[in-house]
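Labels run A, B, C, D, E, F, G, H, I and J following the written order; every chain starts at residue 1.
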Amino acid sequence: MLYHVRMDVRPPHGIDPARLEALKAEEKERSQALQRAGKWPHLWRIAGQYSNVSIFDVADHDELHALLSTLPLFPFMEIEVTPLARHPSAI
Amino acid sequence: MLYHVRMDVRPPHGIDPARLEALKAEEKERSQALQRAGKWPHLWRIAGQYSNVSIFDVADHDELHALLSTLPLFPFMEIEVTPLARHPSAI
Amino acid sequence: MLYHVRMDVRPPHGIDPARLEALKAEEKERSQALQRAGKWPHLWRIAGQYSNVSIFDVADHDELHALLSTLPLFPFMEIEVTPLARHPSAI
Amino acid sequence: MLYHVRMDVRPPHGIDPARLEALKAEEKERSQALQRAGKWPHLWRIAGQYSNVSIFDVADHDELHALLSTLPLFPFMEIEVTPLARHPSAI
Amino acid sequence: MLYHVRMDVRPPHGIDPARLEALKAEEKERSQALQRAGKWPHLWRIAGQYSNVSIFDVADHDELHALLSTLPLFPFMEIEVTPLARHPSAI
Amino acid sequence: MLYHVRMDVRPPHGIDPARLEALKAEEKERSQALQRAGKWPHLWRIAGQYSNVSIFDVADHDELHALLSTLPLFPFMEIEVTPLARHPSAI
Amino acid sequence: MLYHVRMDVRPPHGIDPARLEALKAEEKERSQALQRAGKWPHLWRIAGQYSNVSIFDVADHDELHALLSTLPLFPFMEIEVTPLARHPSAI
Amino acid sequence: MLYHVRMDVRPPHGIDPARLEALKAEEKERSQALQRAGKWPHLWRIAGQYSNVSIFDVADHDELHALLSTLPLFPFMEIEVTPLARHPSAI
Amino acid sequence: MLYHVRMDVRPPHGIDPARLEALKAEEKERSQALQRAGKWPHLWRIAGQYSNVSIFDVADHDELHALLSTLPLFPFMEIEVTPLARHPSAI
Amino acid sequence: MLYHVRMDVRPPHGIDPARLEALKAEEKERSQALQRAGKWPHLWRIAGQYSNVSIFDVADHDELHALLSTLPLFPFMEIEVTPLARHPSAI
């Protein structure tokens, strides 16, 4: 089942730069593992912003929440989820 | 080049129902031609709304505007365009 | 799977009153059939507004959209869908 | 009497992690006691967010405020309350 | 139990003026009956707007909704309800 | 002359707890003195929020501003003022 | 006492042009009479919009509401009122 | 002096199509005359919307308002004006 | 040329109180010098808020920006500028 | 290809002033290099705000994001990007 997810990353001022870099590296690794597993089929950068638009393909809401809420940068992200249905004109 | 496009369809009260159905049929046909041509690679329905999330893959802003502004339902849509860049973590 | 749905009903000025009453009657009948089928387990009126808060329990996004988009008052409603996951403190 | 309550948890950057964990544990205990007492009949997680949607069933506004304002995480939550009336189509 | 209610009156363009005047007269009569009954203890005009701020004192959400939703101007009003609790500093 | 005032209290993270408690105690004393003087005839808590709705009855805008801007918690409050006129249907 | 008032004029589509012109002429006459009487000391056009920013100098909220609500274009205006106090740095 | 102007064109449903086309043709002619006169040095279409971003170069606010408020489509446009100053890093 | 300027002062938590008082004193001095010079003809306090509404009368956008951006409290203010044109009904 | 970019600079309270000045100097140098290279053809200050409106002329979304996300002040800016197409009335 597909979900449209927008993530805006907002690291707080004063965060330890080394810790932030470590979290970003973990986030990248985690994200690529999920992409390879087919759970995160699309990941795009919004031009000019520290934000992304993603498509997730997971079994249900619980799996989606489990994946998102354990992302290393989750505490510093604003996330908006939109459930996607099949469009009658899609081929 | 990829663009994220959200379209909310708002047909005005009082529109002739037959004209609206005709416009919807033309819209579907136009949308499917663009999908087949690779210009509109993704089209999803937002669950519970007369809205869609789409990804367009076109040469430039002018081509995008030409495609969107000639959609049969364009006069009745609110459209929001977001340019998408490659994400450094995308595989 | 559970979805939180808020519906705000906005009948346009100038709608034929008899048609509106007929649509409301159909909406009620449809809503009660879905409640009896277990698809719409909660339906509450927001005090002071022509709006409701509902919980739907359906198989997936497509079923949710199919149910909502065929409600008789759908053309006159603003609908907002929020996917609900299990809360770790829920008993 | 039923109230729809949305809570968004926003722990401030710089809060002591041990204190936060302790508050979360107290919050969970408190929440489950209220659920068992029938005061908090529904508690759902909003997918992708550190937020919940809850239904409270209490005697009046004063009791609701007393319960919410003494939750351990209350100082770090944005809370929105919506009074729910019986819906004429509810079965 | 007290509720804070804001009502913004938005008569649609094209409404028959005589009908609107009749509705306003009924609204006034209804409002004054509720004031005399102690259900609507405060009613103020927001300066410069066709809007009011009101305090209702009723048994529960259902009674509030029953009163508000049968006001003659209800179909042309945007209404916002806020439940009021006792303030610990109120004397 | 009546003014509708909404106050949302937002103590900053990191404020010294003892200082905050002292300010709250002064605020309560100040508020009750103004209530007894008839300047602050109504004070209600918004259920679920660290916010109040108040009615002030003062001579003019300058007196209102003098009272509000010297409240002990003023630096930590968002305040919205709405001037109230007599409603033609008020009895 | 001074009030800051912003008025946005929104004539509905379909209004009879002759009636609108008549209302505008009455509005101008009324506005100029109030300016000459010292009640409306400042009236500015917001560049690029059918809107104005005004300063009113009247006895109280009731007089302000009486003046604004009887302006010929009142039914087609969105009005926002802000009470102005003396600024401690004003000379 | 430079002004940043955003115009969103919102023709009302029900406008006579021939009249709308005539207004658009006049608007184009007027716009091009102002461009040739150096008053409207930049005019861009916002991709996907019936909107433009423009830069005007005029003597003062009054000239700007005179130009904008006499555009043929002015009654159907939402216009937002932002005054532009020289940027210290501009070359 | 006239500009409508709204300034909301938001001193950050943790600013040194002595420094803030010094900045306020400089701001007052600067403001009064500009008032005496005729550049800042009106300055009003918004009742209940640490905000003002001002009218500036300067040669052009560059002079306005130079004045505003060098105010001592500029780093702690949200500022909104609206260009004012002559109103056709102003006397 | 042209992009309209608005940048609002929001340096956090507590940033080291020397570091901020160094970042501003680097930003200026970087901005002027991009202007000379024809990538950033317009740069204007929004009067009264620490914000700019810019026009970028780059090959595609990726180049735009690469330029913006490496600006020295990027971590302290809110950036909004709008793709600009040719306007049919532009000469």
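Keep in mind that, in the parts below, a residue touches a chain if its C-beta (ideal position, glycine included) is under 8 Å from a C-beta of that chain, and two chains touch if they have at least 3 such contacts.
Since this is a predicted model, take the numbers as computed values, not measurements.
**Student:** Applying the document's contact definition, name the chain pair with more C-beta pairs in contact, D-E or A-B.
**Tutor:** A-B
**Student:** Looking only at residue numbers at the chain B/chain J interface, is the share used by both copies over half or under half? Answer same or different.
**Tutor:** same
**Student:** Quick check: how many Å separate the C-alpha centres of chain F and chain H?
**Tutor:** 45
**Student:** Could you put a whole-Å number on the gap between the CA centroids of chain C and chain F?
**Tutor:** Centre-to-centre distance between chain C and chain F: 39 Å.
**Student:** Based only on mean CA positions, could you tell me how far chain C sits from chain I in angstrom?
**Tutor:** Once rounded, the distance between the two centres reads 50 Å.
**Student:** Going by the touch rule set out above, which residues of chain C reach two or more other chains?
**Tutor:** Each of 2-3, 14, 45-47, 61-62, 64-65, 81, 83-86 in chain C touches at least two other chains.
**Student:** Taking touching chains as linked, do they make an open path (line), a single closed cycle (ring), a hub with spokes (star), an all-linked set (complete), or other?
**Tutor:** other
**Student:** If I apply the definition of touch given earlier, which pairs of chains qualify?
**Tutor:** Between chains, contact exists in these pairs: A-B, A-C, A-D, A-J, B-C, B-H, B-J, C-D, C-E, D-E, D-F, E-F, E-G, F-G, F-I, G-H, G-I, H-I, H-J, I-J.
**Student:** Mind listing the chain G positions that touch chain E in their complex?
**Tutor:** Of all residues in chain G, those touching chain E are 3, 5, 12, 14-15, 61-62, 64-65, 68-69, 75, 79-81.
**Student:** For the complex, which residues does chain D have touching chain C?
**Tutor:** Per the touch definition, chain D meets chain C at residues 2, 4, 27-28, 31-32, 35-36, 42-47, 52-53, 82-91.
**Student:** Hey, which residues of chain G end up touching chain H in the complex?
**Tutor:** Residues in contact with chain H: 13-14, 45-50.
**Student:** Mind listing the chain J positions that touch chain B in their complex?
**Tutor:** Spelled out, the residues of chain J in touch with chain B are 1-3, 60-62, 64-65, 81, 83-86.
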